[in-house]
């Protein structure tokens, strides 16, 4: 029941590794989709330290957008602006405008809970609550949907776990502690938890950074499937990953958005010098 | 619906909502709004309790402070005044009680600091790995033993021991004012010394452990022995922390009432050094705290006595507040030296 | 710079110093163990069924002090009531200090200083505080009337003692609880917030459950303090060895019992010690034995809970 390298079915292992090692071309899916997020002129600083300068971009609906760039370039900060998680930091200052489905996310009438329900987030380190697998999801669901009959709640939990491709592995141990799952399973549980509240956008901040290759491959496969229904933004420092799954790519460097475009175009024929150098591996 | 290669079936559901409305009224219960106020009230109430304490104690002591002023602390004769107060007298002088508290606390501090430093160094440097935890647990246990138990053991072990081994045969000839017996200052020092020892040991060993390794390595590289680095480098560096530990232990010691009332002789008397150090230690004492607990029950019926006891309580309160603030300041100095930026001293 | 610190295993390089430290530690350990051992030995003699199930007898004769049934009940009542009163306030304050309060506000400074000074106030002062407040006429409901014809309340009862004891243990419970709450990893809070939970819901549904065992440690610590204190009890509950009401165990009499005086194991031991009026060392030792057992159990529980916290919910 674990997705560790050593116990996976050998055929599946070879298939996954083959997929990862092949230097296949980046995905080609039409990206003239409507925008779900529009960011204009985003400036961010923590106290006196400026971390983002004049970032403007659009996130297409029901596609996978990747934020790439070296460490400390501001991509995670940009991500966290989209669900206003940065608001929790006292020294955070922001200028510019971010709209979600046409509504300014910092508008006066905006309900922060509604925003965060619509924009789910998965973190770099899996952070399941120290409760059972079932309760992790049930808690999230109850937050947003209030009172629910047991049968209905069971169904929602099952659906979320199936959606995150975790159901088969945990269906007999729903009451066990979430902390007894492997790293990859915990991360898929966090994805299931985020899915359970029915967001429109799912954001992942380096979700596979602490996982082994097999788990990483499973999650990438999952994201590809989810992108037919959800808009996905993924921050990654793993360029191969970005190549494998993203439709659109935004390259950040030192707090600025250097280049953004279709994955095919950015990886094969980058416009900017810096982008070309980063992709080549000149710096990381 | 998609079927994966391994046969798993993913049920497609209308996953993402068709519309996003950020202004929808999400039912947040009222508790989200008033909870912070309720919690804040609990925090502020707790922080201000000490103010209530001060007010209600000092207010009841006012009669005796008002009528006597500083003579309350400078004059003596507590024991007889207590007797007389039943008949209506209302003058009280607590000089002996103050002396009792000071002497017993200083003595206890001496005992606990000397032993405690040894224990602290043992814990942080000497103890073999398997012994460290058990020893710390033993010290913690000492802190948890109730004061009445200390008093009982002191009464049944320490006092008879002093009586039979330390009190000279002809003591009655040397000291004529009061009987010399096992219940004396020395007994109080021994008992209270061990009571307050865990407080000092905890703080001292934490302080020693907080000294950066680089200080020690510097000394060792210069050829100093471990012992020298401890005495010449670590202890001086940890000094503010140690001071805080001493002050905290002192506060605990000065406030101890039950154990002292059981072993110290319960006579308000200032040990007379003219009789020599041995006799001075063997003379009985009474402390401020012990005096309160010995008379507190009946005092409420006699207003003058009650006021005097509240006066003693006020003095103790003043002392413990001052000691607490000194400890806090000392911890602050220590933390700043160690580069810790925090307002939380303890 | 070469680092040649070999730790304690290689000694301190000073025989005298090493020996002194070892001696000091052995003395301390020996004292602690012998106190407990002595008590178990002496007290064990007094523990028999009659001792545990009979009530204290008012007698000046040695060895006729009766049993500890009511003092045990008294200890139980006092301990449970004190922690019940202190816990809600303590958790509320701990949550506010850990989650809402900013260390730079001036009000935070005041609260922290207030709690620290409260923690260093001696028991006897708390006892006098209790007498000062609860003899006021407005508090008659807590303890009944005072002397004939006076406006004052009597000022001594289980209710009064529990309230005062709760105030005494409050700063310690707050400190341990706050520590427990702060130790909950930030990643859990972030996860909950990202799911759209409000701050209070995050605290009540995620943070507090995760801090369970640390809070349990705080509870056990508070109960240990309450069970072991004598001065507060002696002053606010009085020195009477029996309960204020006959048949105090009947539910209908509970209110009256709480409003009345009584004793606990600590005051029983104090009273019966050779230094007290009872002059029955055997009974005092028996009570002290039970006390030490209770305190050991509480300490053990605290250690176990503390260790469990480190294993659960990494």
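Each chain carries a letter (A, B and C) given by its place in the written order, and its residues are counted from 1.
In this text, a contact is a pair of C-beta atoms (placed from the backbone, for glycine too) under 8 Å apart; a residue touches a chain by one contact, two chains touch by 3 or more.
These figures come from a predicted structure and were not determined experimentally.
S.K.: By count of C-beta pairs in contact, what is the leading chain pair?
M.R.: Summing C-beta contacts for every pairing gives the maximum at B-C.
S.K.: Any idea which chain sits dead centre by C-alpha averages?
M.R.: C
S.K.: Let me spell it out: compute each chain's centre from its C-alpha atoms, then which one is farthest from chain B's centre?
M.R.: Between chain B and the rest, the longest centre separation is with A.
S.K.: Nearest whole angstrom, what separates the Cα centre of chain A from the Cα centre of chain B?
M.R.: So the centre of chain A lies 54 Å away from the centre of chain B.
S.K.: Using CA atom averages as chain centres, what separation in Å is found between chain B and chain C?
M.R.: Chain centres of chain B and chain C, defined by C-alpha means, are spaced 15 Å apart.
S.K.: Compute the distance, rounded to whole Å, between the mean C-alpha positions of chain A and chain C.
M.R.: Centres of chain A and chain C (C-alpha means) sit 50 Å apart.
S.K.: Scan chain A for residues touching two or more other chains and write them down.
M.R.: Answer for chain A, listing residues that touch two or more other chains: 113-115, 117, 144.
S.K.: At least two partner chains per residue is the criterion; list those residues in chain B.
M.R.: Residues 26, 28 of chain B touch two or more partner chains.
S.K.: Could you say which residues in chain C touch two or more other chains, in rising order?
M.R.: Correct list: 196, 198, 201.
S.K.: Considering the complex alone, what residue numbers of chain C touch chain A?
M.R.: Within the complex, chain C contacts chain A at residues 102, 185, 187-188, 190-198, 201, 205-206, 209-210, 312-314.
S.K.: Quick check on the complex: what are the chain A residues that touch chain B?
M.R.: Chain A reaches chain B through residues 12, 15, 62, 100-101, 103, 105, 107, 109-111, 113-115, 117-118, 144, 146, 159, 162-163, 165, 168, 195, 198-200, 225-226, 229-231.
S.K.: Can you check the complex and tell me which residues of chain B touch chain A?
M.R.: Residues 2, 5-6, 8, 10-17, 19-28 of chain B touch chain A in their complex.
S.K.: Quick check on the complex: what are the chain A residues that touch chain C?
M.R.: 83, 85, 88, 90, 112-117, 120-121, 123, 125, 127-131, 139-140, 143-144, 179, 190, 193-194, 197
S.K.: Which part of chain B faces chain C closely enough to touch in the complex?
M.R.: Interface residues on chain B, with respect to chain C: 26, 28, 31-32, 35-36, 38-53, 56-57, 59-60, 114-119, 121-123, 125-128, 135, 137-142, 144-153, 155-157, 183, 194, 197, 201, 213, 216-218, 220-221, 225-228, 230-231, 248, 251-252, 254-258, 261-263, 266, 289, 292-293, 296-297, 300-301, 309-310, 313, 316-317, 320-321, 323-325, 327-328, 342-346.
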